[in-house]
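Encoded as structure tokens, the structure appears first; notes follow it.
Naming follows writing order (A, B and C), and every chain is counted from residue 1.
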């Protein structure tokens, strides 16, 4: 099966299934993994039982001037086998077709990254989280445990997403930077902060630097222009408070216990 | 031209043009078809005069827990040549580059599926319909005849779309399910129902389970939070009635006759 | 490195790096260029120091009935080396992975076309402009100098974008055409006109044929239903005037000088 593949300085574990037209460089693959056709892997450390599907590119070394090398990956990840891997993928991870993952990305166990998602440089995604198809996760984004981020969503640079957060399809984040480039106004990048267990409905737009409080709920299609207090439901353009979140819509206690949060 | 291709238990009709680096398994291709480069076909039955362009994956066998095998494909489709094909593609179908089509999908004659569209499991698309580029069609979606669904749109699971429906670019459907997963609220999936000949402008968001009446028109950017009566024009966030649909904006009688609807 | 590639009637300049599984037809590549893996190039003229990344398709010859051959490319571009190239890419251009570019496209020097962008037929993009990932640029679109168009945006056919324009992520343009197809209403295509230096925030929807005035600013999430005067700030659904644009938010004089605009 591997007759047309190219391996360079790489290690493949036991019982792996490698597709056709695959290129693997400076990479370690654990046991029981499946690598699809036309996959490119570079400087990546993949755990056991993980799947990388067709046409995905893992370990994309950008030439962008926007690249931030903040040395934020943990020692215990980056120093496996005396090599410095630039992408760390945990156990039981599913990466679907057409995904692009840049350097300095850490995807923890049980995460699912769906079709054509783009994960840019210096991004961490903690365990049990999912990223939707066609969703873009720009540089310097942090995503907590058990988050569900849906399809066709655009998470811009410097966004902070805590655990248990739900983001619906077609949500657009902004960070204000580019409008300033040609003008006499500051072009500071201000990412949004999404606190634990908040939920953002489909089709919302989130303005630069806003903080969405713990377990707040943003109704579908809302335009969030300012900070939203915790456990508040908002809707509309601009988003305004409708009512408080009821007890039944708070994150269940056993999830807090399960994840130690 | 086929020197690097891999065929397994497949049949290719007369006068076909097959690209490079193609993998074809358990598949039947009709006459006068064109298959692009780097295409993967599995358990697919393709009619005559159809085109599958580069990098497309047809017959994607998901490992998802979300997979529904409802045995809804019709007998006359699934039992061709004593084989059970899992994807049926009619005559004169155009599937552009980078498309992913899951198992148990039925695409009727003359349909166009544009670049990077994702069609998930158990979807039927009837004749003369088009799906836009980067548009996602989730599982258990039904699309009627002569529908036009534009680019960058997200049609979520369980959505019902009748014939003659127009959906503009960047429309986001929702079905309510995921917010409930971590909370004490029901997580029922409720897809929207789009009745015959309704039209949804670009950039709209459609809330879970709403019914949009026959020949209703939803203005661009509207947030549809409740059922819309037939032949009504609505706009805004939330969408409110502006006026009734005029005679000139109803589906022309000859289209009803042509399609027997 | 080129053992599996296919060249046909093409010329590759000095010091180029060509990936694997590449197909190149009737194409001229300048010096110091990098072509990634699984790239398809047809009838394309690429300048010096440019990069085409993995899985991109440049010179896509559509079979669409929507194809317009307006012969709008300038002679000095199309008659290089006595061949008529159908795609012209300047010097120092970066085209990221998964991009599709149709025929009769002209991308000037220093432009960046990001992941999975689709550029349809008869599009011109002038120098120093960027097109975001997953962004679609339909046919007959004209984009000026130093424009920044962000991710997940849909620019529909016949849109005119002048220089120094900023378009945020998830912006949806419309041109009215398809609703009319099955009805007794005219289906005229009317693209929006974006005048010099205007800025459109993330998540906006732009209605057919509107003109957005010079240096106007459209707030994030606004639905633009009518013409916006120059140097006006608007917001909401529908978009309404908030205030005038301040001096500090006009395009800086030195950019006008630098670009001769």
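Here is the rule we use: a residue touches a chain if its C-beta (ideal position, glycine included) is under 8 Å from a C-beta of that chain, and two chains touch if they have at least 3 such contacts.
Because the structure is a prediction, the values reported are computed rather than measured.
Visitor: Is the contact between subunit A and subunit B built from the same residue numbers on each copy (over half shared) or from different ones (under half shared)?
Guide: The interface is built from different residue numbers on each side, given that under half of them are used by both copies.
Visitor: Write the angle of the rotation needed to overlay subunit A on subunit C, where the fit uses Cα atoms and the result is rounded to the nearest 5°.
Guide: 120
Visitor: What is the distance in Å between the mean C-alpha positions of subunit A and subunit B?
Guide: Distance between chain centres: 27 Å.
Visitor: Pull out every residue in subunit A that's touching 2 or more other chains.
Guide: In subunit A, 4, 21, 38, 55, 98, 116, 134, 152, 170, 223, 237 touch at least two other chains.
Visitor: What residues of subunit C sit close enough to touch subunit A in their complex?
Guide: 4, 20-21, 37-38, 51, 54-55, 94, 97-98, 115-116, 133-134, 146, 148, 150-152, 164, 166, 168-170, 197, 199, 201-203, 217, 220-223, 235-237, 247-252, 255
Visitor: Considering the complex alone, what residue numbers of subunit C touch subunit B?
Guide: Within the complex, subunit C contacts subunit B at residues 4, 6, 21, 23, 38, 40, 55, 57, 60, 63, 98, 100, 116, 118, 134, 136, 152, 154, 156, 170, 172-174, 178-179, 181-185, 204-205, 207, 223, 225, 237-238.
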